[in-house]
Each structure stands twice: as structure tokens, then as C-alpha cells.
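Next come the structures, one after another.
In the two assemblies presented below, chain A is common to both, partnered first by chain B and then by chain C.
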Partner chain A sequence: MKPTLSVSDAALALPAPASPFKKYWKILRISLVERLVYRADFIVSTIFRFLPLVTSFLLWQAVFDGSQQQSLSGFDRRRMIAYLLMVQISRMFSSMPGLAGGIARDIRDGNLKKYLLQPIDMIAYLVSYRAAHKMAYIVTSALPYGLLFFLCRDVFDGWPDLLTLLAYAVSLALAFLIGFFFEATIGMIGFWFLEVTSFLYIINTVNFFVSGHMFPLDLLPPFWSHMLQLLPFQYLAYFPAMVFLEMKTGQELVIGLVMELFWAVLFIVLARVLFKFGLRRYSAYGG
Partner chain B sequence: MHQFLRYVRLWTALARFSLVRELAFRTNFLVKIVVEMLWLAILIAFYETIFAKTSMVAGWDRYQYLFFLGFYFALGGLLETLFLENCNNFADLVRTGDLDFYLLKPMDEQFLVSCRTIDWSCAPNVLMGAGVMLAALVFGGWEFDVGRLLLFLITLVCGTGLAYGFLLLLTAASVWFMRNQSLFEMWWLFSTLMRYPREIFSGTWAYPAGLFFSFVIPIMLVTNVPAQVMMRAIEPKLVAYAAAATGVVLWASRRFFKFALERYRSASS
Partner chain C sequence: MPIIEAEGLSKTYRVYQKKEGLLGALRGLFRREYKEVRAVDNVSFRIEPGEIVGFLGPNGAGKTTTLKMLSGLIFPTSGSARVLGHVPSERADTFRRRFALVMGQKNQLWWDLPAADSFQLHREIYSLPTDSFTRTLGELTEMFGVESLTRQPVRELSLGERMKMELIASLLHQPQLLLLDEPTIGLDVVAQVTIQKCLHDYNESRGVTILLTSHYMRDVEALCSRVLVITHGKMVYDGPLAGITEQFGRAKLVKLQFEGSDSPEDLGQYGEVTSRLGPVVDLKVDRAKVADVLALILDRYTVVDMSVQDPPLDQVIARVFEEGRAQHEADSQRV
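Here is the complex of A and B:
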């Protein structure tokens, strides 16, 4: 009888690219298998995650009903729901729960030396690990999210053109990099301060608002809207969603992507530099 | 009565012990307050953004909605102070087998599991929420009415009881789902249903869903009934239903909790 192939086996069977990325590719495959063990957990939490989204839709419907206007700061009812849906996709790529806390804990507990004793780069390891988690999350949530997007298909004006889709893909990839290296940078502060979780709580709370996760930044008064669009946080939620909805086009789109690349490079460099200087202070206590 | 007083004394001692423990980590306490103040500021900024575009949300005007917001925040703080941390740790007690030590003590298991620590760092949320409620009453021109105030206090107790009942039901499920370490997150997602006026549930599919979460799983009554009693026309039937539902949910959650404990196998001890 032909043996059946499980999802985990399928993940392990992914073909490996050529060296020198071979070891990080292996880490990605192993992490993917680890994540796929808890499929039911993923599905239940994904379904629960729809509750805030659904109540947000209803709240904005009530706001539109109350205002008796067709459009609020350039968003009509359909656009608003489409935006709230697309922000979920942005956050799927850019959110990095536990990354900074994990790095700071490894520094504090002395577990960081496991990376130093092996021929492995900690940041590259964490990128592979996190990419696997993201892939697993996207695969397992594709069905419920697909269903939700199908039910809400009327709020979209069809697919954007190929160039916009390409720009959207680039903005999502950069959102992943900014999300990852921003969190990694915060985690590296652990070399100087033992306790970073408090700082992290504050950052995450503020981020929920300033990234445009709650609502489009254009709804804020013009001064605040412009100010927040100068910060890197908008690229974690607002900007990719606006690109897909074709509300950032032409020069605005190009400048947005260039700035997103700038922030990604800045955080990559910052994380690397802090890691380098931090290692000089590191005393490998504990462990 | 003697038993009741014994539990009051016990709870007071536990509260005092929790306070001493909290004061040992004063920075943590301060940071928690800063985070909660930021969260309240974000909620108010969101509220201001909404009311810059409209004067009514689902029949609630600016100050009625502000009162609702303050009440949601204060009640959330009350639940976090009294119960959430305890319930969140229950899955760990089950997984490690440490629940045995609680079951051996000569007191009610539900009391010990759900009330043993007080998270004092969340207590300021109650005051902050009350401050927002007070501002809404003052700026909204609320006329003092002792009847409404009494009814509000009664429905506040009912709302707290209802929410506690639902929290206990989720907690008891940890006996079967021992990996349920994210009760805090689950509760946050579930309690989203208490966050807005229930009148936003209008439309073909949303209206039945609103009825379902008001009368079958009455989580939306937790915040809606007290806020409505204070700021809008009183619906006596809804108030009576909320009181009855509180009794039923508290009874059912206790039965379910006991049932869950009977299934506990003390596997890791």
C-alpha cells in the first residue's frame, strides 16, 4: 500500500537550494514542520481572530449610517471594509510576536552562546525560523481568510493591474523585513538593559494605532496624518494595504517604496551594528 | 453567614498578600499603568476620530458613547484585577499537576482557583475608566437620578457576574486543552463583543448574530445593559433578562467547572 504523505512530511520534502544557504534552508524546513504540528490550534485562533474584524466592519457601517455621507476622507463603505481586510494581510507579514522578547531572554539567560559556539549566524537563523512560521501561518490561515475574502468579494473592484500587484508584493516583502529587523533591534537593547519587555509593551500598544492597523491614517486630522506617514510604522500595515487598493499610485507609490526600502535597510544595519557592539559587552551569564 | 465571612477574611488576606508582592516590583507596576494609559488614549483618539465624522453611532450620541467607552475600560480593568490572571494560570496548574495542592486545601476550589491573587497593577484602569464615565456624565449634562444610579450599580454587578461566568467556562476548558496557554488572548478576542453598542449589529446577517450574542450567549449584555441604564431609555425587560442570565451563567459555569475538575487526572504530579 502506498504510504500517505502528511503535511509535515511534505514540508520536509521541499527541495533544497544550492549552498551557501543550505543550512538556513534546513532550519526553515524544520521550523515549518514544528509549526504544522499544531494545525488545530492555528485554525481555532484564526477563527477567533475574525471577531474583532467583524465588529470593526459593523462599527464603520454604523459610522457611515450616522454621518449620512458616501465617503469619509476618500474612503467609501466598500473601501473601508477592503482596507480593514487588507491590513490583516499586511500584519500577516509584518507582525513578529515574541521576537524581541526572545532575543532579550536569550541574552539575559546566557542562551545566546548556543549561536556563538556553532557555525551559525543568529540573525540569519532567526530570519529562517520566522519565515517558516510566517509560511506555516499563511498556509493554515489561507482557507478561513480565503472564505472571508470570498464572502466580502463585493468590496473589491477586481484585481489591480500587474504592476500594482508587483509593487504590492515588494511592499509586503519589505514590511516583513521592517517588522523583523525593528523587533530584532529592540531585542538587541537587551545587551544594555536586562528588561526590555516593558518597553516592548509600550511600543506594541502605540504601534497598533500609528501603523494604521485600527483605521486608515487619512482619517486623522491632516497634521497627524502627515506626521505618522513620516514614520516607519505605517509600512507595517497602512502602506501595503493602500498600494493594493490603488490609493497610492504614480510618484507617491514610488516615493513610498523607496522610503520603505530605506527604513528596511536602516533597521537591518541597526540590528547588525547593535548585535556586533552588544557581543563585546556580552558575558554569557547563566545557562 | 459564618462561611461567607470566612471567605471575605480569606480574600482580604490574599488581596493584602498580592499587594505586598506587587509593591516589590514597583517599576513593573508603573510601566503597566503607562501602557494602560496609552491604551485608553488610543481608544479616546479612535473615539474622537469617529465623532469627527459623525454625531451618532448606532443611535448613541457623543457623550453616551463616551460613557460606554469608559464603562468598557473600567469593567475590563475590574475583571483583570480580580480574575484574569488567576484564570490565565489555570492551564499551567493543570499541565504541571500543581492543581493537586489547591484541591487538597479545605476550601472551595472555584474560589481558590479564580480569586487567589489580585492583580493590583490593573486596578488603576477602574479609576481611569470611571474618570471617563464621569467626564461623559458632566459634559453630557446628565441629571442626577438616584434610581438610575442604583439600577446601574445592580446591572454593574450583573455584568461582572456574567463576564466572570464566561471567563470561568473558558478556564474550565483548560482541563481538556492543556496547551491552552493563550486564554488571555482568547478572552481578549471574545470580549471584543462587549466593546461596542449592540445596536451596531444591524443588517441581514448581523442582526441575528446580535440577538444570538445578546440572548443565547449574552456576552454583549455585560457592557450594554449598565451603560444603557445610565445614559439611555431603560428597558425593564432587558434588565430583568440580564439579571436572570447572570444567575443561569454563574450556575452553569460552576457546574461545568466542577465537571471539569472531576475529569482532571493529575497527570504530571
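Here is the complex of A and C:
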């Protein structure tokens, strides 16, 4: 008996919602099974994801020790650690490793064909596939993350209220959409330029900084902080974390969410449009 | 109504001409030179329901490009195609539900999962009702003899088994048209024969129309009553397989065994001696002269055994390809 047998049967037995989404729900379930095939890889990568976090903690420890200040732009030691932890959760939803590169590779190698031959929509397919990966990742990392948050529980001032939690959930869902469709948009560039790796590398490096993954954007001089908050990248890490920490409230929260929705819609449309024109070019110049 | 109607189908690619060396590469950054390549040139044919048609041609002749145009992956530069009553490049869902394209060198199954999971996914993608899906799947796995393998991860299957799974996956939605690009490439003879037999039986029982390319003449001989031959984008033959030999094979192979342990020396005057082993001689004789030559030889020598054969089909095809190339080069020099 192969161990994969029981895993896949269990996942395939999940209930399915009604029709038009059924196809993509199925893709999601099968992707989930696929993701669980390499269990060791899964566990190792989950554990190693914590290493950069430890270095971040130590770095900020040193910064606070050196600066003699209790607080930097409204962040004291506890807040800073809480922020760095919450950014991990944001990235759990918004990071899309390999998505753009994968799309560009499919275009270059001709694997794109399978989406054109079958009655299926490539973007919807990839969303389902990615959602499955995210689900698998969240479920399996729940335990180590739970432990980490438990150990660091002193840095939080208890749970935020229900409304904040609701806003937080919305900001995370939109973070997933912005993360996905931003990367997908970059991947579509593969229709025009076959190689997007170096471009992606630059974006990812810059992103680490401008999304607030490295530190809260408020630490920057006000001009730069405001500039970066006009960009979509802050929603990939900074904004959801700030919502949870109740540091974006009232009008600021509402405007933030509306802008987040705006960016999500913009990238959804952009990815679609590029896909459409890309396919036209692909079909004209041959695959 | 024909399943496939191609009218003057042409496809021109623009190919970037890379200059040699570093300097050339640098120059290419600013100014690129392109060459137009006519991959498919004014090709017309029609295929009726239930036919199995072989599509022959040397590498780069335009076979795959034609299949891509017929399946809607690429637009024709000029000319038109109607497949199953649709314009393929519109990629309508109703069109995509009714055909399948299988490429021998590309796989559509999920590498790390058992084929059964990929089949389930196909069921959803094509919205197939569960009971008919289960029935079709049962029939297909039995036909291909792979019932026991569908729960093994695809990466653990042999090349032949994987190809069978690919074919099963492409037949699950019961397409009316099957486009196969090199379905038996790299397979051993046993697997090749199984696949030929399955395709043959499936065509008999379901009446599915098949257009297939292959470099193995055995596939074509086993399956196709009709072949299209394309070289350098141009169609050079459309007709029954046997007709190729008549049209292009100008010589026949006469095998002679003479009495005694030796053969006469002067056979060169009758035709081309292609092999001589003691008393056994292979003689290539012009088709029209076979009867005269035989009469003369029988008259002069004592012949123990003899036979007259068509030259092997792949030799004839090789000739056709060779002539196509020569023709193409002559044409391009004139331009």
C-alpha cells in the first residue's frame, strides 16, 4: 500500500460546492494532494522559514540597545516583535514563490498549450492551484507558528475586537489577490520577453523593502513613508499587520481597505488584459 | 460534412537571425534581423468522419505547425481551416470539448500523482457525468491493459505505460477527432503494437477520426488507409498508402536465385545490382521493364527461385522527402 493512496482519497472526498466553481475546486483538491506528496520537503522548508525571523529579532534587539530610545516612530521593542511576527502572517497569504517564473516558463516551453486545448481558463486554474498550496502551507505550519506565537505571547496586548479581526481577514484576502495578480502580471511579460528571471529578482529584492517586510514603513522619513504607502506593495506585508495591531483605525483603515481593493481589481484586470494580448501574439508568432 | 477542411492553409514564422560571436550578439541588442520562414505553404485537404489519416514528412516539414493550426493553438497566416464545424483559433469551449491533441513529447498528466487523479481532474474540466466517465475509463484501461497501474504515481511508470495513460486521458471526453503528434516516439516494438492496436480498435468501435504524424512507417502501415505527405511546407501527396509506391517508387526489386553456387556477371545491363551473395542477387529494375527483363533472364539462365517486390516503403518515402528537398532548393535559387 502506498501512503499517497490514503492521503489522496481523503482529500478527494472533501465536499464540493455548486457547479461553475466545481472544476476549479477539483483542481484545488488535486493540487493539495500533490503538495502533500513531498512531506519531508514540506516540513524542512517550513522550519527553515523561521531562520530569517530569528535574525530579524536579533537585529532589532541590537538597534534598540544601541539607540538608547524606548520607542522608534511609535514602535517599542514589544511592538516591533509583534509587527515582525504579523508580517509573517501577511506574507503567508501574499507571497507567491515561483508564480511569475512558472507562467513565463510555461510560455517559453510551450506548456501553455494544455490550457488552450482544454476547456479551462489558465488564470482561474492557477488561482485554484495557488490557493491549494497556500492552504496546505497554512495547515501544516499552524503548529510551528502556533508555538512561536505562544512563546512570544507577551508582545501582544490580547486579541483585537471583532470588527478589527474582520477588517484584518478582508485585508489578508485582498493581500492574496494582490500578491497573486501582481506576480501573474509580471509572468505575462513572458509573452514578450522570454526571460523574466532577472526582472523578478529585482522586484523581489525591492519588494522586501517597500512592502514593509523588513521593518515598518513608519520608520522611514515621513515623505518616503507616505510615498511607499501610495504603492500597492505595502498591502503585501505592512498593511495587514498594522490592521491587526490596531495601528490603522477609523478613516485610515477604511481608506486603506478601499485602496487595497482598488489595487486588487487593477492587477486582476491588468493580468487579464496582458494574458489576452499575449495569447494573441503567441498564436500569431507560434508556440 | 468533413471533420477537417483546410483551404490554402499557410503559416509564416518570423525567425530572429542571430549573428555570430559577441560583436554580433551586441549588435543584435539594437538591431535585429528577421528571416521569414514559410512553415506551411498553401496546404489544402479534407478529412471525412471515421478516417485514420497518416501525416508524413521529414523533421521541420510543417506537420506539427499544421496540427497546431487545426487545434487552434496558432492562427494561420493565410487560408482557413474548419474543424468539427468550428474555426479552431476561436477556441470555443464547444470545440475544445470535441477533440484532443496528444503530443508524444509533452505530457499532460500530473507527474507526482497517480494517473487516476489526473483522470478525475479531466472529468471536472470536461464536466463529464460520473457514470459515463466511470464506464469509459473502465473500457479504456481494459483496452490498453493498464487497470493495475492507474494508482501508481505517473513518474514511476515506464515510457510506454505513460503514453497509454496520456492516450486514455485524451479519450476520456470521447473526442470525435484525435490529433496525434508522434504518439509512439521512443517506444519499444511491443508498446508500439499495443498502441496501434488500441487506436485501430477504438476507431472501429467509436468511429473517431484520427490524424497522426509518425516517423515509424510501421504505425502508418498498421493504421492508415490514407496518407498526406508534406515536405518543406508543401503538400506533395494525398492518397492511399499503396499509391505512394506507385507514384514515387519507380523501381521494383527483383530477387533472383540462380542454379549452382554463382550468379552471372553481366546482370548490370538489366538494372542496378543492389546485393550479390553467391547465387542470390537483388536487382532493382525500372517498373515498366520488369516483365521484359524477367523474360530475358529466364530465357538465358536457369533460375531456381525468384520474386518481384515493391521497394520497402520507408525507402520510397525517403526518396519522396529527398525529391521535395531538391525541388525546394531549386525553387529558392530561382527566387
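Structural remarks
Definition applied: the second predicted complex is superposed on the first by the 273 of 287 C-alpha atoms of A that agree within 3 Å, B and C clash if a C-alpha of one lies under 4 Å from a C-alpha of the other, contacts with A are read in each partner's own complex, and residues count from 1 in each chain.
In the analysis below, a residue touches a chain if its C-beta (ideal position, glycine included) is under 8 Å from a C-beta of that chain, and two chains touch if they have at least 3 such contacts.
In this text, all values refer to a predicted model and were calculated from it rather than measured experimentally.
Of the two partner chains, chain B is the only one that A:69 touches; chain C does not reach it. In the superposition on chain A, A:78 makes contact with neither chain B nor chain C. Within the superposed three-chain model, A:226 lies out of touch with both chain B and chain C [touch as defined at top]. Applying the stated contact rule after C-alpha superposition, one finds that A:49 touches chain B and leaves chain C untouched. In the superposition on chain A, A:276 contacts neither chain B nor chain C.
Shared contact residues on chain A (touching chain B in one structure, chain C in the other): 38.
For chain B in complex with chain A, the touching residues are 27-28, 31, 34-35, 38-39, 42, 45-46, 49-50, 52-58, 179, 182, 185-186, 189-190, 192-193, 195-196, 199-203, 206. Those residues of chain A whose C-beta lies close enough to touch chain B in the complex are 38, 41, 45, 48-49, 51-52, 55, 58-59, 61-63, 65-67, 69, 72-73, 198, 201-202, 205-206, 208-209, 214-215, 219-221. On the side of chain C, the complex with chain A involves touching residues 11, 13-14, 39, 65, 68, 71-75, 89, 91, 93, 96-97, 100-101, 103, 106, 108, 110, 112-114, 117-118, 120-121, 124-127, 151-153. Contact residues on chain A toward chain C in their complex (touch as defined above): 2, 4-5, 8, 12, 22-23, 26-27, 30, 33-34, 37-38, 110-111, 113-114, 116-120, 282-287.
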